[in-house]
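Letters A, B, C and D mark the chains as written, and numbering starts fresh at 1 in each.
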Amino acid sequence: MTETQTEAVPKTKEPGKFITILRLLWADKVATTAAIFVLIVIGCAILGPILLDGVATKANLRGRNAPPFDLSKGFLMILGGDQLGRPLLARIIVASGNTIAVATGAVVASMIVGSSLGLIAGYSRGRLGQVIPRLADVIMSFPSLLLAVIVLYMLAPSVGNIVLVLAITRIPIYLRTTRAEVLEIRERMFVQAAQVMGASTGRIIFRHIMPMILPTLLTIATLDFAFVMLAESSLSFLGIGIQPPEITWGLMVAQGRPYLTSAWWLSFWPGLAIILTTLSLNLLSNWMRVALDPTQRWRLEIGGKKNG
Amino acid sequence: MADRDMQGPLLQVQNLTVTFQTARGPVHAVRNVSWHIDRGEVLAILGESGSGKSVSASAVMDLIDCPPGIIETGEIFYQGRDLLKMSRGLRRTINGKKIAMIFQDPLAHLNPVYTVGWQIEEAMTIHGMAQSKAQAETLRLLRKVGLPDAEVAAAKYPHEFSGGQRQRLMIAMALALKPDVLIADEPTTALDVTVQAQILQLLQELQAETGMALLIITHDLGVVAEVADRVVVMNKGEIVEQGTAAAVYANPQHPYTKRLMAAAPGQGALHEGEQSSPILELKDLRKSYGAFEALKGVSYVLHEGETLAIVGESGSGKSTTARLMLRLEKATSGQAIYKGRDLFTLSDQELFRMRRDIQMVFQDPTQSLNPRMTVYQLISEAWAIHSDILPKTRWKSRVAELLDQVGLHSEHMHRYPHQFSGGQRQRIAIARALALEPRVIVCDEAVSALDVQVQGQVIALLDRLKAEYGLSYIFIAHDLPVVRDFADRVVVMQGGRIVEQGPVRQIFEHPRERYTRDLLAASLDPDPEIQARRRAARLGKEVA
Amino acid sequence: MNYRNVLLGGVAALCLYGPAMAADTDVTIVLNEELETVEPCMSSQSNIGRVLLQNISETMTELNPEDGSLMPRLADSWEDRGNGTWRFHLHEGVTFSDGSTLDAADIKHSIERTLSPDLTCEIGAKYFGGMTITPTVVDDLTIDVTSDPAQPILPLLMSTMTIVPAETPMEFTRSPVGTGPYAMTAWNPGQNIILDRRDDYWGDQPAVTKATYLFRSDDAVRAAMVATGEADISPLINQIDATNADTDFAYPNSETTYLRLDSSIAPLDDIRVRQALNMAVDREAFLGTLVPEDAQIATHMTVPTTLGADQDLSVPAYDPEGAKALLEEAKADGVAVDTEILLLGRLGNFPNVTEVMEALHGMFTDAGFNVKLQMVEVAEWVKYYSKPYAAQPVPSMVQAMHDNNRGDPVFSMYFKYACEGLQSGICDPDLDKAIADATATAGDGRGPAWAKAFEIAHDLSADVFLFHMVGFSRVSERLDFIPSIATNSELQLSQIKFN
Amino acid sequence: MQSFLTKRAISSGVSLLLLIVAVFFLSRLTGDPTDLYLPVDASAEARENFRELHGLNDPLIVQFGHYVADLVRLDFGESIRRARPALEVVIEAFVWTFQLAVITMAIVSAAAVSLGALAAFHVGGAFDRIATFFSLIGASAPDFWIAIVAIVVFAVGFGWVPTSGTGTVWHWILPIGVLFIRPFGLILQVVRGSMISALGSAYVKTARAKGVTPKKTIFVHALRNAMLPVITVIGDQAAALLNGAVIVETIFGFPGVGKLMIDSILQRDFSVVLAAIMVTALAIFLMNILIDLAYAALDPRIRY
């Protein structure tokens, strides 16, 4: 790039940040599709439980396992009925609320706690810098299933506690990443420049270091979002996750699993919802990695036509 | 061999146009560039950063990636055949064997995970030489480029060598198969002056021995003066002038070339500073990293309103003094007296107040400016930290004022650093330093990374600000001509010690110490004639 | 000799190992859980029982699953000698698989070992709690067993007591020795257990020569293994997978599902509320949907083949409106019918348990109850189900499944209905007395005595009974074997024939 | 080197100690094994007797004291459920897990590294897109779902492989295949990213200027440099596998340490849980040392 730099500052007016991001997103059609899908899911998560809760929990034992693509039972039965005869479409929509709440809660909580600890561990040159990474080691090797059993036994298998379990197990990821980045960034010239100006530690951390780490953390968080959804589903499979009458996609897959050979749609649709959502998030994260990196961004800026 | 002369030059680039896709649309990196080179000849391509001086060489070596680069038009004839029409496989048989290339920053260009012996050997084995023969040849080459203990050296890894040695390794690798053409892309940039002189001398000797053609790509007029027969001057992707080195220097035709020659440092009048009262005094400063002594007792005085240059090669400890003084690191022992107080014993509260008085401008503005803050945020941060300087309502107007003073426009305030050129970024960094209204500014290699013309402009800016604000500078540099033009007094450092200090005229015209004299002798003059004389003198000395 | 040949040879050998060695008279049985121990005194646990019971370890008496009668096994005959003492006459010429001969001392040691506090055997804890058993050797083939208090059904209890040689140490054994037709020849923890037929068995030679037991916890996998020929019998498969009429058999598994109501806490202390709960459940709707069609709607704690359980009791018909009316009535009398009632389910208790509980939750809600469903794992479930309750007292309905395959209600009624019963949710003097009477009654009067106890419990609406469950087995078509009610606790290899 | 090993051992030892303390005390909060071990009808005396027998009546801190005292003598305690030394039970299971982890990681690494390197060579090309897309899909599906579908299709449907269990090489195919999917996608992405930056580096330019063939440029010059971050991820994934692949082990009846761990947790068989944690932690510690050695072997700039 230095080869083509010119002394003159370009006179074109820079568009707003939001527009720039939209433009970068539009340049990657796959990522755009993914973003739209994620938006739809979020919409379902917010509105679904309010609108459809009654329909989704109304059992009809005599109409159980109704096959999909049959419009005669109404639009909500288009994906079929579940093992209690409840419409799968409505359940998937309602379940998105808990699913997204669990994933978001766990990711946000672990990101905040993990990166704060990582900041402290990375920036402090004292004993904390030694102790906190050990803490991460302990959490890493603490069996997550045992943690789940402990929390869910002492508290209750509610959405909030599942969030707690998943958040704790994901803390080390953010802690380690943040610490490694801080160790590197705190040696950078602009941090020293701020020190020379007399900037306080808090200012250096929050004004100078944090904004540099944020893109990395966001990328990890997006991937983690997918991971947490799958982990929640595995917990349900093992019977130590969320329990009915709460519903999540993971629980639906786990509950529909025995019917895989007789009524495939029970676990297929929620499974598909998980796959599509995680896939979208992965694609978005790939896009973000490029869009947030100034040295990679040209791929999007020029490649609208040929470089998806 | 015989028929080559009939077919024209050994290597000829004709009407080459290369376009790069960038964020701001396609950019012509080079446009209609033509040049040629013959056996035994040294051609220099001279240009500033962004001039496209390396692009044609990359095209010759098939190093342009597509995307983002596209060769739109042109031919490259090597021995009469157009390289651009050859298959990739065929070009690989020419690369390294017939045309070889060495680069700036040899550390990055040597593979860090293989021994240098392996890498030099590979240059031969890929073109069909037997392993055993290549091994013997490697040792011969290592000796030839002047590395002691060739067997030991061959088994070592790149990071275990010094910068100059690494460039010698690159040269050994490039010359392994006695190529017809050697392309050297900024081969001595970032090397110390004495090492630069040695490398250039080695290249010249090897060329004389093998009769190869040598293409040197550089931004340094001194390098051109030292080695080139002919020079091609490039600006913004186009050739503006070409001719013999002497003719272009003595009698530039194109306005750009004229400006370039005029901007060459080391030609202005020497400062004649008058003595004023001391403002900052370092006393017996020492710093050790474990067993390694980086500073072995350094003392100097900065006077009010003067520019004190600290020169020395890498590892001399010149930057360490500044970092200690600013308390970015802790001194092992010694004092730094500022306004009668020892900076090293200040409490946090006192240190915070002192920060306003002593500011720093770093070498690389790309790294010293936070890439995620706007110019306004960068400059006003000073007042956010020291809230008593300026009420928030006046920040905006003051930023505009400062930008104006460093030669930028106030509407640049809301842009990010990456939207500026290197020179402009350094101006922003200077504006930021000025925002605290300091008494002393430490410039750590503040102009080293800049192009010659920009360098001149920034120096002029610093000089003007010094007068306006009554500043004192500590100017850390390795580039002697710049120091000569700018400094009032000079401190020469070597190996953590001060070798010599005194007024600039004394150091440059009557150096007392041998080391200072060596340093001055190794420094290249932009005038080919002066360099030719020095060369002759050197040769004479060697003969004698 | 090069490496490749060796490697290929090794791979080929590995591929051949296993399936190729099976003989026609070998069977492979896939169980749902790995055996943690192979200790005979633990064989009341269903998977240990399926491997050990009557295959390796035999008992003095044996229950006939078809009519509930008691058959001789190691004991040829027995008689009541009064004062709680029973005399057993052992079969002559029985040998253990280690070669030693069975005598009364072995029986004495087996009883003492099973009941020893140093071992915590499940058979001891499950069938012999609250009584003292004293074995006395009369001669080599005769033994007196005395119980305090007297047990009219002591011979029946002895059908659970596995017999080991007198030399067996007082710790869990890893190589069980018994008098049965098979001996354990290999135990590869996590992988398999292999039993081989004994040549010197005292009884008839069974057809199966070798049995390999495998363990897979996934229902679908177990079913698939019989379909692919990897196994011959899967004693327990999911009803959903039981789709092939030729191989899949339903059998009553002696399990009864019910909701235990805690009638000590309002509003469940009001009988109208309990009746309303019973009326709110549409039991018919479950049959053939979430619960197998062959399951029976339950009116008792035990299966109909149990003594005294064959009488006609009925559950209230499905009547949500009636339930609402009853609730209104109770409310009018000041009963806090709006109190939240905890509906507690045990995860993995039986197939579809979660769905059944969800459906029940829906039915109760429809009938106007304020019910909160919670599914928990067993450790937490026990806190609500069994005394002393570790959980906070809340009005609760605890879903449970009770197994009584011993033919006598004594194993059920005291625990479930007596005031002191560990899982009893009710305390009623009449019921207490009826249970005590029936327990002490011997002979023909015992059946009617139990029937009376059942009736009192029924009239109190003490529980919400659901179903007498059925299990499903998948049996390879090459075998002649039909699972029965006993399959839930044992799997006698000697009953397997080949087609 | 020696001091490096000592340092690593000390810091890992400290972590392990903290872990044991945490697991010991936290796991006791999940209730008493008595209720789970004895039938629900068991009398109060039987329960009391059981608690006394297994030392569950002592104050927690005393129990911990006993545990540590035994541990010093390398006695990891007795499994309540299995009436056998806990360490023996764990080692038996760990051998299976270890084999599964090693074989899976070997296959995953080989496949992900070679395919990732190729994908990086033509960024945005058809191969790159296909590899990326499928690695993402694979990594997005719940693994128990994949496992069951795999059994239904490959074992029951086609009859190519056994459904589950151990014994022959064929038995390993499905579990490894299912375990393969997620780490493969992840490592492939890391290899790809790391290779893209390695291929853009200066020394690759030198190699091209020397006339090195594309194949050799990728696999000799760039790959070795790109391997450092890859090895870190491989290490993380291997550690996860060494901790036991609960779901795969459960479904395929694979007697590994993951299934043992979940069973023991649910049964409150604390000695087994603790022994399993210690054994796997030791294995992971050793593996991390190997990884550090691999760093040093790959990159001469790293020395301990």
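Quick notes on this structure:
Convention: contacts are C-beta pairs under 8 Å (C-beta built on N, C-alpha and C of every residue); 3 or more make two chains touch, one makes a residue touch a chain.
Since the model is a prediction, treat every value here as computed from it, not as a measurement.
Chains making contact with chain B as well as with chain D: A.
By count of C-beta pairs in contact, A-D exceeds the other of the chain pairs A-D and A-C. Centre-to-centre separation between chain B and chain C, using Cα means, comes to 86 Å. Taking each chain's centre as the mean of its C-alpha atoms, chain A lies 23 Å from chain D.
The mean-CA centres of chain A and chain C are about 45 angstrom from one another, to the nearest whole unit.
Rounded to whole angstrom, the centroid-to-centroid distance between chain C and chain D, based on C-alpha atoms, equals 37 Å. Under the contact definition stated at the top, the residues of chain D that touch 2 or more other chains are 30-31, 148, 152, 250, 266. Each of the following residues of chain A touches two or more other chains: 149, 153, 240, 257, 260-261, 307. Residue positions of chain C touching 2 or more other chains, listed in rising order: 220, 377, 379-380. Listed by chain label, the pairs that touch are A-B, A-C, A-D, B-D, C-D. For chain C in complex with chain D, the touching residues are 11, 14-15, 17-19, 34, 36-37, 39, 44, 117-118, 120, 122, 124-126, 129-130, 171-172, 174, 189-191, 214-218, 220-221, 224-225, 227-228, 230, 377-380, 382-383, 385-386, 411, 415, 422-423. Contacts from chain A toward chain C in the complex involve residues 57-59, 61-62, 64, 83-84, 149, 153, 156-157, 239-240, 243-245, 255, 257-262.
On chain D, the positions that touch chain C within their shared complex are 30-31, 35-43, 46, 49-50, 53, 81-84, 89, 92-93, 96, 148, 151-152, 155-156, 159, 162-170, 250-253, 255-256, 259, 266, 268.
Residues 1-10, 14, 188-190, 192-200, 203, 207-208, 211-212, 294, 297-298, 301-302, 307 of chain A are the ones touching chain B in the complex.
By the touch rule above, chain D contacts chain A in their complex via residues 11-12, 14-16, 18-19, 22-23, 26-27, 29-31, 124, 129, 132, 136-137, 139-145, 148-149, 152, 193, 243, 246-247, 250, 261-262, 265-266, 273, 276-277, 280-281, 284.
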